[in-house]
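Heads up, the next two complexes both have subunit A, just with different partners, subunit B and then subunit C.
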Partner chain A sequence: MQYRVSFLFDLLANLFSSFTDLAAMIIIFTHTPALKGWTLAETAFLFGLTNTSFALAEMIGGGFDVFQLLIREGKFDQMLVRPLGHFFQVMTSEFVLRRFGRLTQGLAIIVVALHQILASETAAIVVLLLLPVIAGGTLFYMALFITQATTAIWTVEGLEVFNIITYGGNEVLSHPLDVFHPVLRRFFTYILPMAFINYIPVAAIIGKPLTAAGVPPWTAWFSPLFGLGAFLLARRFWDFGVRHYQSTGS
Partner chain B sequence: MIVAKDLVKEFKIYQHHRGAFGAIRNMFSTKHTIVRAVDQISFQIAAGELVGYLGPNGAGKSTTIKMLTGILVPTSGELTIGGIVPWRERVKHVRRMGVVFGQRTTLWWDLPVIETMELLRHIYKIPERQYRRNMDMFADLLGLSEFLNIPVRSLSLGQRMRADLAAAFLHDPEIVFLDEPTIGLDVLAKERIRQFIATINSEKKTTVILTTHDLGDVAKLCRRVMMIDRGKVLFDGALAELVSRFGGERRLIVDFAEEYDDLSIAGARIVAKEGRKVTYAFHSNGNGVAPLIENLSRNYKWADISLQDPDVETTIRHIYEQWEGDHSSEYC
Partner chain C sequence: MIRAYWKLAKTSFKRQMIYRAANLAGIATNLCWGFFRAYLLLAVLEASPGVGGYDHDSIIIYTGFSQALTAPLKVFGWWDLLRTIKSGEIISDFCKPIDFYGMWYARDCGHAVYQLAARGLPLMLLFLAIFRIPLRLSASMGLAFLISMTLALQVSFSWRMIYNAMAFWTLDAKGVAAMANIVSLFLMGFIIPVGFFPPWLQQAVQLTPFPAMFDIPLAILMDVPGTEVLLLLSRQVFWMLILIIAARCLLHIGTKKVVIQGG
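Let's look at the complex of A and B:
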């Protein structure tokens, strides 16, 4: 019973916190019909998409969030002496059901925003196109969580600093590339190609010119590919970390 | 079966910065100290052996066990167990291995014991018949049935240790590592666990490597002991040899029939005196105790004599004390 109450409470808190982001967005758009050429509905669409991927990644990879605790309580040692993959064991050690709040919210925003932007016949097709994009985003967020968790092998206290990676990554993904400085735009297209994860597919789907990135629309198909690439890189970093794992003193 | 050659494990300990930017400085700081917990140890252990791995606190026992179980990757040196490098083929290695860390359970905190065993049965793909047979055997030897339905977190220390042992042996591993399996247990519980280890080792020919601070465990179980201090193996051989080599002096306790002023005899020194009861310590360099008793009988009237041979406990205390002395002299 106690668990159920705290679950509900978590769920509400979760819903509310992402709701405030949405509210902030709506307030900005009451003063201007479009920001750098993006309307409220279009910006919300991108926001809903990143939130959906983020929530899915949090649900699937919840264990990485508590990895530091697994090390400290000796539970990671315990996993290492079992004949199962350590990556798999950590990943499944926690299933964060309360993130359901964020997921349903993200999906709701996608549906409402799409309804505003497109005619319903095309919207139905677009939803299918979204699946690989959501998968790409989810893999990318997973990669961020895995990278952050792996650093716990070396540092125990400084871990919060690595929140910069996750939250910075989230900020970049959930805003249209157009709002960033041209130097950053190029950076996120050619050097750390995060624009391909969500921004370029979304712009391609709703027919925005891709001038901010300067790439043709068909590159939208890179989304799942780049997501998978980031995930595999993070996975290798994880294996590298485990080889340097020091365990605890007692 | 186990072959270790020049095995080394070093721990890097990073310095912590405090204050506002401490966390950021920690990330980029390369300042660290290195602790060499295991320092070039080499040994071989054959299948079916039962080896006691001893040494004072901080000697490097648990670190060695963690390398043997594939948790830690050695800094340098070679290690193969049944032809496999533990950390390189971890899953394959742990499938035929069992481990108990006395300080910390390797079981799932919230699961009742019986469900823990069921889960392990699936993880290790144990055939039903083998599972039943072992569970019956453990019910018998460890009294497992008393607490099968209790979650691991609610077990007493002794019960938890018994559950951990059962779990480690459930899949009939070829080799089992026991890091202080009797820590904190009462005399009867210790006895039961020793009996269990001895039985499994002799019936199933399981190789067992055991660390402990309880010398009763050693005396009862181990024919072979390895002693480690500060990361180096200083003795590796039969327990009997350890006692005869390092056991130090034997003791002769004499109850005199009369009062004497001078009780000193050649070849022995007095270590205690209590009324007419005197304890002598002596080295029996091949001659045994006979010359001493002859000497005593010639000069004194005595009522009773008893002889004490050094036991495992005093021997090992003796060795630790010597090492302690060696270390302190290094700092002088």
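Let's look at the complex of A and C:
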């Protein structure tokens, strides 16, 4: 926190980058009242949810983002000899406070969007329902970051491909799934069930048909479990990776 | 002198060839990202036919073009000059008997040419092939497009030099530079086509250099009826001159007062 001005501009830049996405969305809805049956407020609700989860996962799991560097500098070797869990040490090795910008924006959008969509008395109940949904989404994104980091144990080449799923996934989830090609929809529902991060629970809450995802509405109740499941799987993959870790050492 | 620039550009070009896996990963990423964007924009088109003067084919051309230019336009920001100012490495560049702006421009050209040939062109062709879009470009329009593309990258380069030069005045320039980058991306129509903007914003944007970096070559590539190519090109030349002067002035003033930190 020593570099206050620098931090402030970093925060602003971070806020700005998701702000332009939001501006693009608002501009899109100046041309049409609804996109495949989803209004601006409803789409913004999706946008706010996925960005909140994404920002939380980035803040909590920031260490996985720099894991490549930890390996290269030999810091991971130091961690392995310490009497503390390596998973926890890597996770906490970096805390990216500047993601706070995206987080506050995400939360603000959720509040505004909910205010537009629902009556205030039901909104309170929905907020309670949303907490496990956000937690599940955060775990899901963390699972993706962990998987990406673990892969760095074997190779550092072409790891950018993972951005398709992390950043790309966030981009897709920022819009109603209905706009995308059926192959993409199925991918994000059945193969990598990221639709449970926001689309499926939101559709269930505001009473949209789930035809785009092709799952029955009751599955929405289990949305957080998909995040938890992904996280546990990623955690096991991490342990597997660490067991096969060979230092870069010379 | 020319040979020195040529060498710089060639080295920069060759350096890109080392990152073959990264470039392949880049193509895959751009392809997927392009799909996401294309379907979103096509859904907007379906909901509001003829939006911004676009149709199905031109939406795909727009998406392919924007993905093809991700690397040459340094969409995720470019901080090379800023970094050398901050680290003090810049002093070794000052010692070189070569024009400072020209040196960086030569490097930028080498990078851009490689990225266009190895990443941009294959991407554009892939998009056209996958969506089966015929690209009808006459020889003269093709030539105009090439000129416009060169001008666009030149304008983009000067703009990047300007926001990097902020580092001469403050050590916190990275945040300012990142914001300048994001604002320019939005206003040049990279995130959403300029034609989609509300009328007041479209008019305002025309008074800025940003369309000259992206929207003008795009308009020539799409060959919209009634496109006045010469007018568009001269607008690009106008902004190129303004930004070159601005960038050079900033560099001139900045280098006078630069203090290298450390021993």
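In the analysis below, the second predicted complex is superposed on the first by the 243 of 250 C-alpha atoms of A that agree within 3 Å, B and C clash if a C-alpha of one lies under 4 Å from a C-alpha of the other, contacts with A are read in each partner's own complex, and residues count from 1 in each chain.
Methods note: contacts are C-beta pairs under 8 Å (C-beta built on N, C-alpha and C of every residue); 3 or more make two chains touch, one makes a residue touch a chain.
Being a predicted model, the structure only gives us computed values, none of them experimental.
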First, second, both or neither for A:Gly74, with subunit B first and subunit C second: first
Subunit B versus subunit C as contact partner of A:Trp154, first or second or both or neither: first
Winner by number of subunit A residues touched, once subunit B and subunit C are compared: C
Touched partner set for A:Asn163, first subunit B, second subunit C, both or neither: second
Touched partner set for A:Ile28, first subunit B, second subunit C, both or neither: second
First (subunit B), second (subunit C), both or neither touched by A:His181: second
First (subunit B), second (subunit C), both or neither touched by A:Asp239: neither
Touching both subunit C and subunit B, counted on subunit A across the two superposed complexes: 157-158, 160-161
Residue ranges of subunit B in contact with subunit A within the complex: 11-12, 14, 16, 22-24, 26-27, 62, 66, 69-73, 87, 90-92, 94-95, 97, 99, 101, 103-107, 123-124
Residue ranges of subunit A touching subunit C (in the complex, touch as defined): 3, 5-6, 8-13, 16-17, 20-21, 23-24, 27-28, 30-32, 34-36, 157-161, 163-164, 168, 171-172, 175, 178-181, 184
Residues of subunit A touching subunit B in the complex: 74, 77-78, 80-86, 154-155, 157-158, 160-161, 243-247, 250
Touching residues (chain side subunit C, partner subunit A) in the complex: 21-22, 24-26, 28-29, 32-33, 35-36, 39-40, 42-44, 47-48, 51-52, 170-172, 174-176, 178-179, 182-183, 185-186, 191-192, 196-198
